[in-house]
Every structure is written in C-alpha cells, then in structure tokens.
Amino acid sequence: MISFYYILSFILVAVSVYHFIAAESPFKRLIAVNILGSAVFLFFLTTSKNTPSQNPDPVPHALVLTGIVVAVSATAVGIALILSLSKREKDES
Amino acid sequence: MLLDLMLGSLLLLSALLSLHSRNSLKSGIFFVVFGLLSGLLWVRLEAPDVAMVEIVLGSAVTSLLIFKLIATARIKAVKVHRIRKFWAGVISLAFLVYMIPYLLTLRKEQRIEVLVFEKLSMSGVESPVTAVLLNFRGYDTLLEVGVITLAVFGIIALNKGDKVYVWRDPLVQSLSRWILPMTVFFSFYVTYLGTFSVGGAFQGGSLLAGGLIFLSLTGQDVHIGESIKKSLLLLSLLVFCGVGLMYAVTGYGFLVYPLPLSTISIILIELSICLSTALLLYTAYRGKV
Amino acid sequence: MSLDLGYLVAFPILGGLLSLIGRLRLYAVFVFGLLSCFLSFYAFLLSLKHGKPLYQWVGGWIPPLGIGLRLDGLSGFFLMFTAVVFVGVGVYSLGFFKSAYKEREEFFWFFFFFLWAGLNAFFLSEDLFNLYVSLEVLSLTAGVLVALPGHKKAVRASLNYLLLSLFASLLYLFGVAIIYASYGSLSMHMLAKSFSEGGEFLYSLLPLIVSLSIKSALFPFHFWLPPAHSSTIAPASALLSSLVVKPPAYLLLRVWIEVFPKDKSLEYVSWVLGLLGALAIFFGSYYAIRQKTIKMLLAYSTVAQMGYLFLIVPLYYKAQYAEMRTTVIEGFTMQAFSHALAKASMFLASGNAIYVSKRDDISYMPGFAHSHPFTFFALFFSGATLVGLPLSGGFFAKFLLIKASFEVSMLFQGVVLLLGSLLAALYVYPIWRESLSFQPEKIYHLPIPRLMEVSAFALGFVAFSSGLVAGFLLQALSGV
Amino acid sequence: MVLSLILSSLIASLLIAFFKEEWYLPRTLVNVVAAFYKLFVVAYLLWATYQGRVFEISYPMVPFADFHLRIDPAGLLFVSLSSFLWLLTTLYAVGYLEGSPNRRRFFTFFNLAVTSTMGIALAGNMFTFFLFYELLTLSTYPLVVHRGTQKALKAGGVYLVYTLLGGSLFLLCLVVLYTLVGNGDFYTGGNPKLALWVEGQPLMAEFLFYGLFFSMGVKAAIFPLHGWLTRAMVAPAPVSALLHAVAVVKAGAFGVFRLIYNLYGVDLVQSMNLWQLPAYLAGFTLLFGALMAVFQEELKKRLAYSTISHLSYIFLGILIPGQIATMGGLLHLVNHGIMKITLFMCVGNYSQAYGAHKVREVAGMGRLMPITTLSLTLASLGLSGIPLTAGYLSKKYLEEGAKMAGVEWALYLFYAGSILSVLYLMPIVFVAWLGKSKEEKRNFPETSLLMVIPPFITAFLTLIFGVFQHQKLNPVTWVKLIASIEYGP
C-alpha cells in the first residue's frame, strides 16, 4: 500500500509539473501548483505510515499541516494577483 | 486495499480533469473535488488533523477564493506551443523515470515518533500533533503564522478598494443569523479540542472564517472598528512573538516554555491563532480590512 | 557574551507589525531597524569571536525533535551584510517615500521587516523544513514587493515570479520529504552523519537542486528575474536583487560542504551546475550589455553575478583540503557580500536617476558627475565592485576564487571568472560614461533628497572599500 | 610613517569629496596642507632611510597575502618625485581650474590617484602593488573624462579598454604567482622562493615574466600598448602633467623595476636572458615615439609621443644589465618627470592664456609670456640632452651603461633619440621666441601666478641638477645608493 501511495504521489507530481510548464493561463498554473502541493503532502503523509511501530509518525502530520496553511496563503496571494491583473487589463481596454 | 485503489484513482482522475478542462469553472469544481478526496485520503492515512485542515482550509477556503476569482475575473488563456508541451512531457516523464528506482529502496524506518511520544508529557498538551506544532516545532509555526499574516497584508496592499461580492437571497440572509453563532462556538471548541485530540487553532480559525465569509456573502460585515480589526489581524503574531520573547528575556530561551506554564502558553497562542486566522482568511476573501 | 538567536527573527517581525500602526510607524522603523541591525552585528562579532559554530535549540528541544539554529562565521557574515543592505535601503526609503509613491509607504515597511526576518531566519536555520517555511516567507514578501507599484507590468511580473517560486518551494519540500522518509531527521548536522555514499538522499538531489536554481535565477531558470526586479520601485528592487536571490545559493553551499558525503554522482551534478553558472555569466552579461534601460541592465547583471556562485560548485566537490575549503567559502561569501552591497547601491542610484529625469533609459541617464556628485560616486564605486576592480570586495572574491580554481587545476573556472569581470566592465561602462558625459540637456539641477543620495553612496563606498578590511572580515569564516 | 604617506592624500581626497563645490578656500587649504605635510614626511624619511632605517607595515588581507608597505630607497625615489611634483601640480591645478565646474570631483580623484601612486611606490609585495596599480586606473578614469565631452568620453573608453585588459593579464599573472610560487614578496636581489621555483619551471617562469612585463607595459605605454596615452591628452593640463607624464606611466616603469630587481632578481633575469626581448621592444618604441613626435602638430600629442619615447630610455636603463645603466634609468625616471611636467604645464599655460594648442599657434609667446617660455626652453634643452642640464646627466649614465654592457645598438638608439628630441622640441622653442603674433601683450604676470611659478621651479631644477652634479642633494646620490643596494657593494 505504501508503494501504491508513493507511486500515486510521483504520478501526481509528474502531472502537475507537466501542467505547470504547459499551462495556458496563470489560473491553471495556480491549480497545478496546488496539486503539486497535495502530491508532496501525500508523499509526506505516506512516510509517516512507513514505520515499524503502531502509531503513525506525528511529525509529518504537523509539517503537512504547516505546509497546507502556507500553500493556502500563497494561493490566496496568487489569486489576488490574478484578480488585480485582470482588473488592470480591463481598465486598459 | 481496494478502498485505497479506488480513492487513489479517483484522486488522480479529479486532478487530471481539473487540469485538463478548458473551462475555468469546471476546472475549479474538479479542484474542489480533488481537495475533498485528498481530505478523505488523509483520513485513510491516519492523519485526521491534516484531513480536517485540508477540508476546511485546503478545499473550503481555497475553493471560495477560486470561485470568487472565476466570478469576477476574465481568465485569458493563451495558446501553448506544441514544442513547449513536448518538453513539458519529456521533463515530467524524466522525473518519473528518475523516481522509479526509489521505490526499490523502501524499508521501514524507525523515526522520531518514539521520541515524540516519549516527550509528549513534557510538552504541556496531550495531542502529539499539537505538541509538535506548537511546542517541539513551535518556531516553524511562528513563521507559518507570519506567512499567513504576510499573505493577507499583501492582498490588502494589492487590492485597495475592491468590491465585495454579495449574495442576496432571503434564505441565505436568515440562515446567516443562525450560522455565525454556531460557528463561533464550534470553532473555539475545535481549537480547545486540539490540546488533547483531533483539532487545533488553524482548523478552528478556518471554521470561524467560513462563518464570517458566509456573513459577508449576505452583504453584512463584522461591525468593529478598522483599527481593532487590524490589531486582531496581527494578534496571533504579536502573542506568539511576545510569548517567545518573554521566555527569552526571562532566561529560558526563545519559545522555551517552562513546564508548568507550557499548557497555558500554548492555549493562549492557540486562541490568538484561531481568532487571527479567522479574521485573516476573512480579510483575504474580502480583499480589504 | 551570549545572544538568543530568536531575537534576530522576532524583533524584525515585531517591527513589521508595529509599522502598520500609522502613528507608530516612524518610531517602529527607527527603533526596530536599529535594534535588528545591532543584533545582526552583535551576532557577527559573536561568531567572529567564538570561531566555532554556536547552536541553539529553539524551544529547548534537541533535534531531531526540535529545530536547531546555527550561528557560525558563514551565517554571521550573511546576517551582517543583510543588515548593512537593510539599513542602507531603509535610510533611502525614508527619503524616497517623501517624494513618490506616498500611498505605498503604509505597507512597505511591513514587508521590509518581514523580508529581513525571513532572511535572518533562513541564514540561521539548520533545519530543512524550517528553511522551507523561511523560503516561503521570502518568496511571498518578494512577490508582494514586486507588485508594489501596482501597475500592470509589475503585477504580471509578480504573478509569474510568485507562481514559479511556489512551484520551486514545493519541489524543495518534495526533496526534503524524500530525505525525511529515509533518514528520519531534518536537522542538517544530524543528516551530515547519516548521509552515506550512494544513499537515498541522491533521489532528493534533482528536486532540491532544480528548486534552488529556480529560486536564485540560475540560467536557464533566470527568465523570471529581469521583469520582476526591474518593474518595481527602487528600494524594493534593491532589496530583491541584492538579497533575495542569495539564500538558495547559500543553502547549496552549506549542504554541499557540510552535509553531502563524497559521491561520484555528486561530482557530475556539480559540473552541470558549474557549466550552467558559466552560461549564466555569459548570457546574463550579454543581455545586460544589450539592454536599453538601466533597471533591466542591473537585473541581468544580477543573473550574471549569481552565475559566479554556481560556477564554483565543482570547487566544493574538489575542495578536499581544509585550507582550500576555506578559500572557496571565503570567495563565495565575498562575492555574495560585495554583490549585495554594490547592486543595492546601483539600484538606489538608478532610482535617483529616475527621480530627476523621470526616465529609465541609459542614454537619457542624467550627467550625475556634473550635478549630483554623491550619486555619481555611488555609481562609480558600486560599478567598480561589480567589475571586481581592487580594492573592492568583488576583487577579493574573484581573486580568491580564481586562485582556488587554479589550485585544483580547474582552469575553466578561473578563465570564466576573468572573462566575466571583463564582460561586467562592458555593461558597467555605459553607466559610467553617461553619468560623466556633459550634455546640458541631460544635466538636472533638481535636488535629490539627501537621504537618497547618501544611502546610495554609502552602500557603494562600503562595497568598494570593504576590500581594505577583507582580512578582518574573512577571519570570521576560518572556523566554518 | 609609512601610512601617513598614503593617508595624507587619501584623507584629503575623502574630505574634499564631502566639501561643497563652493568651498574654494577650505578645499585649497586641505590640498596644500596635505601636500606640504607629505613633503615633510618624505624629507624625514629620506634622511632616516639614508641612515639605514627601515620602515614597514603589514597586516594580513587574505590568508596567503599581506597588505605590505615597505620603504626602500627605490620606492622612496618614486615617492619623493611624485610628492614633490604633487605639491607643484596641486598649486598649478588650483590656478588652472579657477572658475571651472566640478573642482570637487577633480581634486577627489586627483588625490586618490596620488594615493595610489604612493601605494605603488611603497608596495612590499606584488599583491599590494596590484591593488594600487588598479586603483590608479580607476581613479584616473574620471580625470581623463573630466570635461565630459564626447571626445573625452571616447578617450576614456579607450583608456579603460587598455588598462582593464592589462589589468586582467596582471591578475592572471598574480594568481599564477601566488598559486604556483606561493609568494610575491619583494626582496633586495630577488625573491628566493621564486628563484627556487624558476629552477623547476623555467618555461612557466619565462611566461610569467613576460606576462607581468606586458601588464606593466600597458601603463608605461610601450609600443603596441601606447594607444591610450595620446588619446588621454584630452584631459585637463594638470592631469596630463602629473599623471600622464609622471605618475601613471612611471608606475608602469617602476613596476618593471620591481619585477626585475626585487621579484626575479637581476642575476636571474640576466642568466635567463629575460631582458632581451623587452629591451628590443623598448628600443623600437624609443625610435617610434620620437619619430611620431616629430610629425605631431598638436603640442600635447607631441609631448605624449615624446613621453612614450623617453619611457623607453628608462626601460632600457632598467633592462640593460649593469650598475651604471640602472643608475641611468632611475635617474631618467626622475629627470624626465621634472622636465616633462614643466613642458606640460607650460603648454597648459599657453592654451589657458591664449588658446594656443598647435605648434604654429605658439608664435610670439616668448614676448607674451616670457617666464613660461623660458621654463619651456630650459626643459626642452634638458630633454634633448644638452650639457649642463639634468637630461644630459641621465643620458650620460645611460650611454655609459650601454657601452659597458656591450649593448651597442642601444647606444646608437640613444644618439638617435637625442637628435630626434632636438628635432621635435626645438621647433616649439624657436617658434615661441622668434615667431610673430598679433596678440597684445598683457601686463605682468602672464597668467595666474599659481600657474607660472610651478613650471619655473621645475625648469630651474633641471638646470640645478645638471650643473651641480656632485652635490649630496642631487638625485644622483640617491640613485647610486639604490644601484649599490641592488647590485651589492
């Protein structure tokens, strides 16, 4: 199961890398970045299961929690930038 | 195992659909689905705290922001050249090839978890995740709170004088009267829950933010003065830094909570994070103070 | 003598928070600016005196559980010159916002202090995940600073930068996750013990290195830099171009010399980076020479100058002997230091040029030598530093690096370094020429606010004359 | 003591940078006080060094090389020459630039250039030498383009191209020196570590020598590298006078002296025959410069080519083995400096007072500006090597040295050079005295006194040094001391 999740996360990383490079709009690029984030978090959380003991390792949980909050903050700024850009473009035309 | 497979393939499918669809709205909807599915997946991976954050923050708040974007901005798509697509494909495939041998190296590793459970009693809280988040790696969280504050003030600086989107529906209007008190109560409960079980400040704060955003959709606003709002936005960082510095000045060291005071310090910080996060996310949504 | 390293992060943050309160703004800027500067210098002197690295476990938890902060000569040096640049740019901004972009001052100081906190956190941290959070602080702050003028060009540059930077951050996190999965620790000094030849850490190499290259605008990932650094206001450009690109290269040096074991595949990787660095020097300089506007020129020059920091990566691998290693570290640090100061000074002086002439073209550059001697001196000294003429710090950097590369018979590096400084002369020359040229229509007698002139001059002058005290400064690095 | 030589002009430079443009008096005061102070220190050092005292100062700058300043007789020779001429040129410049803009910038960089010259003279190792050598490039660039005209900017660009390329070559050689040899200190009689290394790597040593020679040659304007000097004549007269006749070009010549006598050592240079190729080149430059000078209409260009030619005298003196030749070379370094600065100042006076830039435009100047023309005449006679002048003395030593070393061709070149000197200098003198001009004679003084007196003093010195050959205060004494040290008693 662990390897399945690892493979899944690698595929998700690959997909989002592809779409980040070949995105047709900043919006898509933003989504690709978010999916990349989820893929990395998936990898991280899977490692927390990969221990000999019963309990999963809580450290990756805390790290991913931090990661999600950071990613959401950055996404919010990205969205604000896209909004502001489209407003500037609208003002011009 | 079957469940894992299904969940995994659905996750991948939603990601692909979200990335492939030309329509922004579709793409946004599939992204929300992706967020919810990944939340489920985190539960499956025995990470309920993360799942909670993912659902309330990662999918709920993000999707609100994304839908606001889709509703207000015209997203221009440019044609992507074939060569670019080709190279993108080559790069991502190369990455996959590079990572395949990694799967052969997997072995179960003894890690920090033993240490975490060993020291849990000295952290002042009972939930291991909260212990890591606010005590063992509290410094990370301080910077993380810094990141949210930073992001929100960045948004404010960028969008001076944006219009606020209003949802005028009588049902929504009357619902909002019930929802807000409930979310206030619930969010503080979740925050408190974080000290010994699943829950925490970010989850609580995001919940409260959801309530506030709902309120804002009905055309209302939180009626407190701008300066108070501003100071509430900064509250968590001020409290976090203040507590850290207090112990540094008194000789314990930066963010070193002496044992008898650790619980109260953590709860104080958690409450302030909950309040500020709520207001910060709400402000991020509105785009102004 | 002791110092809680947490102060170095907490005080700038507090300064940033208090600067948002309108009435307190100037007091907050003065008090916390001076305090942070004092702390950085104190930390530098401490590292100088102590010689060995000083570790602090934040929260009292020893790694792998907690997060370690490390103050040694290298991080002390970086803290020190970060503070110098911040003070210079801060003084400049006090004058700048009196004359232009008044409405932006409200938030500028907030980001100013957060950038400082982020840099301090980055240079001190020895925990890979904590470095990720610091990187995010940096990229968000930088993103907002790019968009600060609010016009379309700036917003677009900021958006492109931010997305790419987020992408790179997540790649970095992916690399960190791979390391954590196999070694169960995030602390660099612990990882140094557990990394072994051919270990799993090699899988983290690709994401880590790509991510760091994107963040420090290594060729061919440099395309985001020129628009981002050239479209914003002068003090923000100065901070971004002089400081924000440095941390990734710093981390690469750290990881390479302190954590990575000897491994054949690392040697290949180091050569790839070295070649890319050489290409960055050539292409960056080439594009800088071809630019028509001064800010774009300076931005491309940053690409070229960052190339030096990657050109020498093969030396990290070769630097087997302790003495050689010190030389490489010294050259690296001197280059980062003198480029930071000189580039900040150049950008500030270019802000002065735009202030008087309202134009950005090099051919319309005011004849500062005939009207504003201090701005001219700033351009002159910082230009000489970029070229690497003695006595500047840039000269010492190049000298040390050329010497180091000749010692391990890597003639390629040495020759590229030499050519690079000649190319730098080619793009600095038009700036000198235009500011010295006497054409009545290009001489403006509009007085520039004194703070704006003096800060630009001071940074350039310090960058140039730092060579005189190079011996003293470099002492700090002997214990790394 | 050592530091105060450097600091006196450095502090003056920094102070003036902060003075306002209008502060005429404080600026002049700082300039003059610093120059006098330096001269005073030099006088003391001359006395003390003659007594055999050694002054040095060093501190580690980089792990493998110190910042090392040291006073030895050779360095002191260059120091005294440039600090004496600095005082005169400063006075001259105050008069010359009166009322013109940007004097603050001018004196800042002027004093910085003098500081670098001092550093070059006092450097105790190649590393320190290089630092100041490049600083000299940097500080003279703004002086060359001082006026900011298109022509000046173009000349400045050419100057930078030459000096930066030379500087890169120098840097490369320096790295080789410090990497392979590991030591670039100057010793009397040559660096022993280098001598050891040369035995193992004779070919590399040869390349290093030529590399260093050519990187010095750029500043000393030796044949294929002379292009910048004639163009740099667009600079204001004091700059041409002090820097392009004395400080910069002689820094190159002095560097070659250090290279041969204190780094490689005379014996090594002789045994490896390293001196021959540079000597041929210098010989060619001697003839080439003199021939070119004859055909120049513009006064400053003619003087510039003359400088190129006369630097080769110095080079030949330094390169040709033998005590007497060395003495001749060093003596010419001093004498040529004194005479050439006189000529430049006089030419500057002509152009300042009557706008005369070309040879035929100086017609009648003997009547209009008698003192200036008298100074010009004395210096011209000196440069042509007429007996009873300083120029005669140094040429005498040079010729004797060439004869003793058996370098016949150099001897003939010296003769040819003297004849050509007469050919390109005397027309100026004749035209000035005998030509007729329509200009009205002005009242005495001819122009600002500050501009008349300095060239007169130097012209007078030309005569004094020539007549009183055996006085203790004659540079000959000092040059003998240097030669006896370098060659051993």
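Points to keep in mind about this one:
So that you can tell them apart, the chains are marked A, B, C and D in the order they are listed, and the count of residues begins at 1 in each.
Everything that follows uses one rule, which is that a residue touches a chain if its C-beta (ideal position, glycine included) is under 8 Å from a C-beta of that chain, and two chains touch if they have at least 3 such contacts.
Here the structure is a predicted model, which is why all the values come from computation and not from measurement.
Looking at contacts between chains, the pair that accounts for the most C-beta pairs is A-B.
The distance from the centre of subunit B to the centre of subunit C, with each centre set as the mean of the Cα atoms, comes to 31 Å.
Rounded to whole angstrom, the centroid-to-centroid distance between subunit C and subunit D, based on C-alpha atoms, equals 42 Å.
If you average the Cα atoms of subunit A and of subunit C, the two centres end up 27 Å apart. For the pair subunit A and subunit B, the distance between mean C-alpha positions equals 12 Å. Shown for subunit A are the residues in touch with two or more other chains, namely 13, 20, 26, 32, 50, 60, 63, 66, 70-71, 73-74, 77, 81-82, 84, 89.
Along subunit C, residues 129, 133, 136, 140, 143-144, 147, 150, 155, 178, 181 each make contact with two or more other chains. In subunit D, no residue touches two or more other chains.
Inter-chain contacts, as defined above, occur between A-B, A-C, B-C, C-D.
The touching residues of subunit B, counted against subunit C in their complex, run 95, 98-99, 101-102, 105, 109-112, 115-116, 119, 135-140, 142-144, 146-147, 149-151, 153-154, 156-158, 227, 230-231, 234, 237-238, 241, 244-245, 248, 252-257.
Of all the residues in subunit C, the ones that touch subunit D in their complex are 323, 326-327, 330, 367, 369-370, 373, 376-377, 380, 384, 387, 389-391, 395-396, 398-400, 402-403, 406-407, 414, 418, 421-422, 425, 429, 432-433, 436-439, 467-468, 470-471, 474.
Within the complex formed with subunit C, the subunit D residues making contact are 17, 59-64, 67, 101-102, 104-105, 130-132, 134-135, 137-138, 141-142, 145, 147-150, 153, 156-157, 160, 164-165, 167-168, 171-172, 174-176, 178-179. Across the complex, subunit A meets subunit B through its residues 1-8, 10-28, 31-32, 34-35, 38, 41-42, 45-46, 48-53, 55-66, 68-77, 79-84, 86-87, 89-90.
Those residues of subunit C that touch subunit B in the complex are listed here as 4-7, 9-10, 13-14, 17, 20-21, 56, 58-61, 64-67, 104, 106-107, 110-111, 114, 117-118, 121, 129-130, 133-134, 136-137, 140-141, 143-144, 147-148, 150, 155, 178, 181-185, 200, 203, 206.
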